[in-house]
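What follows is a set of notes on a single structure, which appears directly below.
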Amino acid sequence: MVLGLGKTPQQIATITQSLASKTDTVLVTRTSEEAYALVHASLPDAVFHEAAKAIVVDRRVSPVLTPGVLIVTAGTSDLPVADEAALTAHLMGCEVERVTDVGVAGVHRVLDQLPALQKARVIVAVAGMEGALPSLVSGLVSVPIIAVPTSIGYGASFGGVAALLGMLSSCSPGVSVVNIDNGFGAGYMAGLINASSQE
Amino acid sequence: MVLGLGKTPQQIATITQSLASKTDTVLVTRTSEEAYALVHASLPDAVFHEAAKAIVVDRRVSPVLTPGVLIVTAGTSDLPVADEAALTAHLMGCEVERVTDVGVAGVHRVLDQLPALQKARVIVAVAGMEGALPSLVSGLVSVPIIAVPTSIGYGASFGGVAALLGMLSSCSPGVSVVNIDNGFGAGYMAGLINASSQE
Amino acid sequence: MVLGLGKTPQQIATITQSLASKTDTVLVTRTSEEAYALVHASLPDAVFHEAAKAIVVDRRVSPVLTPGVLIVTAGTSDLPVADEAALTAHLMGCEVERVTDVGVAGVHRVLDQLPALQKARVIVAVAGMEGALPSLVSGLVSVPIIAVPTSIGYGASFGGVAALLGMLSSCSPGVSVVNIDNGFGAGYMAGLINASSQE
Amino acid sequence: MVLGLGKTPQQIATITQSLASKTDTVLVTRTSEEAYALVHASLPDAVFHEAAKAIVVDRRVSPVLTPGVLIVTAGTSDLPVADEAALTAHLMGCEVERVTDVGVAGVHRVLDQLPALQKARVIVAVAGMEGALPSLVSGLVSVPIIAVPTSIGYGASFGGVAALLGMLSSCSPGVSVVNIDNGFGAGYMAGLINASSQE
Amino acid sequence: MVLGLGKTPQQIATITQSLASKTDTVLVTRTSEEAYALVHASLPDAVFHEAAKAIVVDRRVSPVLTPGVLIVTAGTSDLPVADEAALTAHLMGCEVERVTDVGVAGVHRVLDQLPALQKARVIVAVAGMEGALPSLVSGLVSVPIIAVPTSIGYGASFGGVAALLGMLSSCSPGVSVVNIDNGFGAGYMAGLINASSQE
Amino acid sequence: MVLGLGKTPQQIATITQSLASKTDTVLVTRTSEEAYALVHASLPDAVFHEAAKAIVVDRRVSPVLTPGVLIVTAGTSDLPVADEAALTAHLMGCEVERVTDVGVAGVHRVLDQLPALQKARVIVAVAGMEGALPSLVSGLVSVPIIAVPTSIGYGASFGGVAALLGMLSSCSPGVSVVNIDNGFGAGYMAGLINASSQE
Amino acid sequence: MVLGLGKTPQQIATITQSLASKTDTVLVTRTSEEAYALVHASLPDAVFHEAAKAIVVDRRVSPVLTPGVLIVTAGTSDLPVADEAALTAHLMGCEVERVTDVGVAGVHRVLDQLPALQKARVIVAVAGMEGALPSLVSGLVSVPIIAVPTSIGYGASFGGVAALLGMLSSCSPGVSVVNIDNGFGAGYMAGLINASSQE
Amino acid sequence: MVLGLGKTPQQIATITQSLASKTDTVLVTRTSEEAYALVHASLPDAVFHEAAKAIVVDRRVSPVLTPGVLIVTAGTSDLPVADEAALTAHLMGCEVERVTDVGVAGVHRVLDQLPALQKARVIVAVAGMEGALPSLVSGLVSVPIIAVPTSIGYGASFGGVAALLGMLSSCSPGVSVVNIDNGFGAGYMAGLINASSQE
């Protein structure tokens, strides 16, 4: 798994090709279509996920996916980060469920999803602005929640800082936090937890 | 109405006495028992509200209070700020209702209070930590909400900054915000709104 | 009402069309001409407000507007935020008055507007830089004031933070604050207050 | 489980007594000896953990503890936070192991603990200053790591902010973060993960 | 002139005695009664200004003071900073006028002082909270204004930062700013300007 | 005098034309060549100062300029801000001297300019990075110094914040500060001081 | 040596030509290909280092380079900063070794480089994100380490601030820090130390 | 060498005794008289340095000290940090020279010390407020300078942050920086550099 940020397309193509010759899954995050073009030239089975800005090589044959990971999002603009988390957990062998368009200001939509929430073994909660979704969800379930603040917003959102501080200050236990927009880190953490819960 | 912060007990006593000779209600916020002792010596009907750290002189005779102000709090430690708001709105002629111990991590306790929430004409929502209570409430009612962040918390709460930023970033309309711990400002604003809604 | 920020033009067009089939007013804020082109294709009566970067669908027939909302601005560059507030309050059924080009450094121009200020039931005060306009106005009236800090300025204005902190720290009661540049939130809050004051 | 911060000793005593009549374990964090004296008067089996500033009531009879939680600390001054985490996980039914005095500047001491690190199912890594311990550990194991920044330090440590930012920025996946000094949150999260991994 | 901050009483006494043997005026700012006791023992004509926390030795015989410096303050709690500014300008040979209790939320009290404001050659404007007084005054006069933010306030005042940023962001020219609570620096600057305007 | 920031070229052209019909000098700061093109179309004697990004109309006939203003800069990249200050003071009737390329790390070049420094009645000191030039200069002269932090730099310069804080914290009296890159404000303040010192 | 930031290509060309006529080495940092084109026109032996964005003129004939400077980097994206440091130290007469792709999350790769680390007389450690590499290295050697935080990262990395604070808070002695991305400053400091250690 | 901060007196006594049995020098920084009393009971030759708040055990017999370290300070209140640096370098085998009471606002006092400055092989420059001393000194010598920001100051000094940012932003090469008030780190770095320069 490769962080594309700060690397040239040529560097990404070289690293991706090298990894793809050794493992059956490769994920490059925070990359670009320009880098994908170079990767695709030598790895025709590489796929570009546009919203998540991620390149994926997945050569697993009929993988058995473990259920248990649920990714919850509040708004339309949080979807790319949730996509990155979902891709990551999927490549780690998880079957990923999604609940979208639930937020702290629409409590009833959250409650409507209670069955899905209570079925999960680990939940990734993605939210920007005041970042209260993880707290809200943590009051409804007893499983670990990975909170991902997103940078959507303006003014006092400070590029995700408001959501980050809110999530860290959460008065509800069972929540831990990753970096702003870090869908990959959340998906990876969820993948680790889900794996251990199945052993 | 007097902000006690930064004034000596002697200054507070002088100002309070001067005001009490002109109006029938006086409120001194952010003051101390030491200042109260001085005030009380010359104004025996002055009352000290310990949690709110406020001195009140209320010489209204059988005041007719206007219902409509509801003050909602999440935790035990937010109560002093809510007290300050309640005292202020009360002195402005409002009948003040209180809902306590409701928070974003306990959604069902909030929903249990729906009748009280929906009866209000203006709501003051006091919350620390991630400060999500106003957003939550705003999704359940259609009246103006005054959000008060409190300084309770530690670490990434930064003395109320996390709650302040969360409230300002709220994705729910119908919420405006006053300074951290500013129960007085919230109560005053609620009093103004409640008064106008009765005209 | 839709926050355009972080949504693709296609997402905005879909949401707008869906809303327009259910209600007679739709407002999309923080959007773009590109999104408007898509919206306009399917909703020919949608209008684009360029300064406010807002799309409006308004199918109300001879609406009866309630007077009482006044929007006050200091500088030319605060006008787009004021426009967003005015559009919002108008769609909520308010008749909106405007006072422009008054600021703390030109006190006499503010005093010239005293009749307009004193006629309002709720005031939205939009200001950047040191953000002192709401305090100034609050000393002249006894109605609720919604303060909107704007991001205009440079250096120590920190994209509206100086104005935001100034407004929150205001030594004058009767002022509450919304997020930086959040004309929508201010207009919505004013609409709620104005509605309740007419009941 | 009760956050003592911002509550009076009397409030803590009341809440603790109420909880102890309903469950067989109670934990009060961020409390004081003064509060403990009041609690102890009515609950003689309550114990005060001085370093962690925690009151514990534990009436479980021969509990079967699940192994798998490891708590790693860098310096002597991080121990109280680690104690809080250990108490919490213990009360949740975990057998807790401890590794102390390992840090990024003493890599060989970390490597000496490799067997203990690799035996764990979830690791709590407590560190102040530059907060690099979780990254270091995450390179040596494949289990979830809960990182706890501590407020020890001076100057550019900014009361734990340097460690918090470092942990959030970690270039190593498998790390999520709780609030500064939040041993309770980390222990609780570890308890949830450890429980699910044993199901 | 000596900054007492960070110096021991003994160090202050030594420096003060040394200076008093060479010049006819000495000012020690940010000092304490404890330091004054030591100074007074060897310099019986030293005076302690309690509000300003300043020690003054003034051995000038019938000094001719130059009029022109006006110090304006908004609130009672800004007075100690204004006192420090006044002492400084006085020791530099200025006759200092004072206007107190004028603020942005009480415009008419400011306008009542127009004659005093317009007579000054340089104005020191001391204000906390939103710090708008200098902007307000600058719109009424055409002389240089030295703005002093004060640390009075709470929450979003951030110890004077809100006032400081507001003053720096002022939309009104003719204002420059000194450090938070730096009455000395403002008085010194005013003294320099007043001296040059009399040459 | 007009702040161009946040105004459209059309707004600038309209305001400039209006002012030019009433006074004999107009200054528009923080504007653009695009705005100048529009202004120039109707005011052919308007001049564009490219480095300072300022439009100037100066119709004074043989103005008598008052000497006394000195503008000191450290680096090549501070020149545009110094230009803005110089234009402003010039339009206020001052004869402006310039000293360039002197900095705290080249003390001898500063000392070589001692005659120019000591001849001034007011000094504008423009500096980025650590912003120490005003302190250095203030130790060599006894006249008021207006310090202007500039936004040049990277990393810990934080867009001029390092220089701003350094100037505010200056241990040397006789320095006051304007906003980052605010050459206009500094030039205006210097013009006011220089005018008063000649009366 | 010239900081290109904030200078026009023409200014850079003029300064470079002037310096090249006086000394046999010139380094321009933070410059552009556009500036290089101008420089190259008059100085055909000037070389542009694309990753480091630096122009170098090196007319030394068979220089004797002093060994002892080692530059260590964690990630691919830190290489441009390391290049700038290497160029600087090389021009100061040092023979520069490089160790790349070692980080706190891959301790074994660091340990594999122990011989290179222990041979150095001064080490420049370049790292972004949590910035823990200098601490790690300082535990393995007894020579001075110059730490350079880089701006690579996102969210809570805050453009290098997380790495900067981590390095300043390092619990390991023997580390001092330069500005974010300041490869030049680190290389220069290393050059000074290496020179003195050879005298 | 032991950081006393965050350790109990008992913990300090135990660690100190243990170290003193293995090496001939022990330094405990940021400790207290209370801890010293405990240490002294078992180690009667331990010495307490009150200003530096440091405990020293020095059992070297006639150590040969290497000259070359110079510690420069601006103000009286920076002395304790300078003392900590001096103690550290002394225990590392350096002969330490001191220059006091030189600052950027008193350039001539700095120039008077040119011989001492130019004799040094490494300089520690300790300064608070605007922190410009290291830049000033670096322009006068060609040896490495370790800059130590101190927390003395108020308001915009932000506990040493202004000095820290100024030193990091220094436009003069040859300066690297340690944490605020970190005399130990500066002294240690200077000791390492001085040692290597004598080999």
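Order as written gives the chain letters A, B, C, D, E, F, G and H; numbering starts at 1 within each chain.
Going forward, contacts are C-beta pairs under 8 Å (C-beta built on N, C-alpha and C of every residue); 3 or more make two chains touch, one makes a residue touch a chain.
Quantities reported herein were computed from a predicted structural model and do not represent experimental measurements.
Participant: Under the document's definition of touching, what chains do chain B and chain H have as common neighbours?
Facilitator: D, E
Participant: If every step must land on a chain the current one touches, say how few steps get you from chain E to chain H.
Facilitator: Shortest path length, in steps: 1.
Participant: Any idea whether F-H or G-H has more C-beta pairs in contact?
Facilitator: F-H
Participant: Going by average Cα coordinates, which chain is farthest removed from chain B?
Facilitator: G
Participant: What chain lies farthest away from chain C once each centre is taken as the mean of the Cα atoms?
Facilitator: Using the mean of the C-alpha atoms as each chain's centre, the farthest one from chain C is H.
Participant: Using mean CA coordinates as chain centres, what's the chain C-chain H distance in Å?
Facilitator: Chain C and chain H have C-alpha centres separated by 56 Å.
Participant: Let me have the rounded angstrom distance from the C-alpha centre of chain D over to the C-alpha centre of chain H, please.
Facilitator: The separation of the two C-alpha centroids amounts to 35 Å.
Participant: How many angstrom between the C-alpha centroids of chain G and chain D?
Facilitator: 40
Participant: At least two other chains touched by the same residue of chain E: list those residues.
Facilitator: Residues 75, 153, 155-157, 164, 168-169, 171, 179-180.
Participant: Could you run through all the chain pairs that touch each other?
Facilitator: Pairwise, the chains that meet the contact rule are A-B, A-C, A-D, A-G, B-C, B-D, B-E, C-E, C-F, D-G, D-H, E-F, E-H, F-G, F-H, G-H.
Participant: Using the touch definition from the top, list the residues of chain B that touch chain C in their complex.
Facilitator: Residue list for chain B touching chain C: 1, 3, 121-122, 142-144, 146, 164, 168-171, 173-180, 184-186, 188-189, 192-193, 196-197, 199.
Participant: Over in the complex, which chain B residues touch chain D? Could you list them?
Facilitator: Residues 75-77, 152-157 of chain B touch chain D in their complex.
Participant: Which of the residues in chain C come into contact with chain E in the complex?
Facilitator: Counting only chain C, the residues touching chain E are 74-75, 103-107, 110-111, 128-132, 135-136, 138-140, 153, 155-158, 161-172.
Participant: Would you pull the chain C residues touching chain A in the complex into a rising list?
Facilitator: Residues 5-7, 11, 15, 30, 149, 151, 159-160, 164, 179-182.
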